[in-house]
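Pasting the structures here.
Okay, so chain A shows up in both of these, paired with chain B first and chain C after.
Right, the complex of A and B next:
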């Protein structure tokens, strides 16, 4: 079973919720945790895995053999991203524009194109003290595209037999978030009761609806802002699964690298109940 | 010589557009005869790679030189490979394409010897 945490707005508490949920789930089941926020993975700071596996990942980009190329221009014509250009007697490749789709290689009538791995980041994996099977993607500084790394991360060790997988999504509502959410059985939407939280919650709620994934909401920093998030959840039939109040001691604990349930164990029953609800919903 | 000028309209009297890849249109003018033709820039709404696409477009239309306000690294490399010369026209004041053409003819436009800025590529992919 795959559970994804997403939020839209950054800093609402996705990782806070995902890591404590992993802790609870690991008490009964085998758990795999994927930090899909490859631009700034931070779940490892809380779960403290020993990372002993590493794999370089990226996309396959074209390399043109100048001897064989006849400059027919079919590759440039098919490329939706203008990553390959044919001008006169030259074929130029722009790796940072390439999405690695392979169309140029496919249409080349001279078989003049070979594909080579353009490394964009690394996958790192290991185990936490609670025996959570942990993996994260780390994008190289300066890379513009996170999606290929997330795609590879989700495929890494695909025969992993964990009963519960938790995927921690990046913030936002663009391609990397869609790539992370895709294929999940349940989406946990973490938000805060502010106009910003609501605005982005709506966007992510639309994505999970489009992908036909059941969802529930966690309201973090409950007590600040207004009641518009609650009203939206009611209108959209999104169940509110947990409310975590705005409390200085929780913020301080998170800032020092502690898990929410270490700092505030009184929320343990809420997390247990939430996991039960999700399992029941997915198994139904 | 055939000169491409980035413009924001479809006439020689249209205002000069200082952007290259994201220019609204290109006016391609024969500097000897004064004969000109204007084309919509196909790269205007490209999600990425606008500089590459616009460069291929003007090269395919026979331009031997381009006058614009700026050239990014990909546009520079593509135009350079196509042997299209790049000239920089001032974008800080409103000019028409006709005025840019006159400046070019008078030898007042400096040649771009390298990309004028970093790439814009990225966005949300």
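Right, the complex of A and C next:
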């Protein structure tokens, strides 16, 4: 069973909720945690895994053999991203524009194109003290595309025997978020009751709806802002699964790297109940 | 003309609240009517919620293309599915169809289809707006949920803002940036004269600040740092300041945790306009003076 945490707006507490949920789930089941926020991966700071596996990932980009290339330009013609061009007696590849689709390689009549891995980041995996099977993607600084790294992360160990997987998504509502959410059984939308929180919750709720994934909402920093998030959830039939109040001691503890349930163990029953609800919803 | 871009790495550190306050403060200073604001966080565009724009121009933004299979001529050979590296071709009930959400727009399937049954169609993936913001012209956009090409939309927003600024001899553009370090951040950073990083003194905030700093430096743009919610974890704030000092990065102040910022957001106003005497407002005013000085340094 795959549960994804997403939010739209950044900093609403996706990782806070995901890590504590993993902790609770690991008491009963085998758990795998994927930090899919490859631009700013933070879950490892809280779960403190020992990382002993590492794999460089990226996309396959073309390499043109100048000996066999006839400069026919077929490759440039099919490339939708202007990542390969024929200029006089030279075929140039622009790796930063390439999406790694392989179309140029397929159409080359001379078989002059081979592909090699253009490394864009690394996958790191290991185990936490609670025996959570942990993996994260870390995009290299200066790389523009997060999606290929997320894609590789999600299929790194495809036959993982874990009963529950938790995927922590990046903020926003564009392609990296979609790549993370795809294939999940349940989406946990973490928001805060403010106009910014609501605006961005709507964006991500729309993605989840489009992908036909059941969802529930966690209201973090409950008590600040206004009641518009609540009204929206009611109108959209999105159940509110937990409310975590705005408390300075919680904010301070999380700032220093503590897990929510370490700082505020009184929310343990809420997390247990939430997990039960999700499992029941998915199994139904 | 100078461009200031506000970034953070980690989301939710307060970029937009700080940017909105800067717009308000700029409108009360020497450069009132001499600046433009742009929202480059196109998939979570929140600046409009506090700058109350009156729309002047709206334009569809066409992003990438998606493949569509013509079921009448499809020979059901499955070649499209074999060549697709984005798992975008579904096979259900004996039919092949493209999942438009997964489709990357590469057209590899179009060229491999033996019956020429696949064509590419352009998609409208968002909207681009020009508005009269509360304090200045505002360039903003809305990338539809789940869409690609946010970097291109960011570039469009920034280019148009820049053109108006140059046309009208405006002195600077303030750009509210996206979180992370990927394509929209790179697009937002490109051409910037100064990046202000709004850091948060949490273990995550510090980690992500390092990543965005490296990204900004990678593209050769000067960065300065301010610390938001600084008193929530003073050890973290100290760590950020000493790191910046060692690495020759200017820090321009600390903003205390202050729920007035949220109240202002609920009222749809920048905090400095909503409650100028609030602790956060006072801190942001001081920071703005320093940022402005750095931004205009060397500008005649």
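To be clear about the criterion, the second predicted complex is superposed on the first by the 284 of 284 C-alpha atoms of A that agree within 3 Å, B and C clash if a C-alpha of one lies under 4 Å from a C-alpha of the other, contacts with A are read in each partner's own complex, and residues count from 1 in each chain.
We adopt the following convention: a contact is a pair of C-beta atoms (placed from the backbone, for glycine too) under 8 Å apart; a residue touches a chain by one contact, two chains touch by 3 or more.
Keep in mind that this is a model prediction, so the values were computed, not measured.
When the two complexes are overlaid on their common chain A, residue A:139 makes contact with chain C while staying clear of chain B. Of the two partner chains placed by the overlay, neither chain B nor chain C lies in contact with A:270. When the two structures are aligned on the shared chain, A:224 is found in touch with chain C, with no touch to chain B. In the superposition on chain A, A:194 contacts chain C only, with no contact to chain B.
Once chain A of one complex is fitted onto chain A of the other, the partner contacts of A:174 extend to both chain B and chain C. When chain B and chain C are set side by side, the one touching more residues of chain A is C.
Once the two complexes are overlaid on the shared chain, A:211 sits against chain C while remaining clear of chain B. Once chain A of one complex is fitted onto chain A of the other, the partner contacts of A:35 are absent, as it touches neither chain B nor chain C.
Contacts of A:99 after superposition: both chain B and chain C are touched.
Looking at the shared chain after the overlay, A:152 reaches neither chain B nor chain C.
Residue overlap on chain A between its contacts with chain B in one complex and with chain C in the other: 81, 99, 144-145, 172, 174-176. Looking at the complex, you find that chain C touches chain A at residues 8-13, 16, 41-46, 49, 64-65, 83, 85-86, 101-102, 104-108, 111-112, 120, 143, 145-148, 150-151, 178-186, 200-205, 207-208, 211, 214-215, 218-219, 229, 232-233, 235-236, 257, 259, 262, 265-266, 268. On the chain A side of its complex with chain B, the touching residues are 76, 81-83, 85-88, 90, 92, 94, 96-97, 99, 144-145, 147, 172, 174-176. Those residues of chain B whose C-beta lies close enough to touch chain A in the complex are 43, 46-50, 52-53, 55-56, 59, 74, 77-78, 81-83, 119, 121-125.
Residues 8-12, 15, 37, 39-40, 42, 45-46, 78, 80-81, 99-103, 106-107, 139, 141-146, 170-178, 182, 194-196, 199-200, 203-204, 206-207, 210-211, 224-226, 246, 248, 251-252, 254-257 of chain A touch chain C in their complex.
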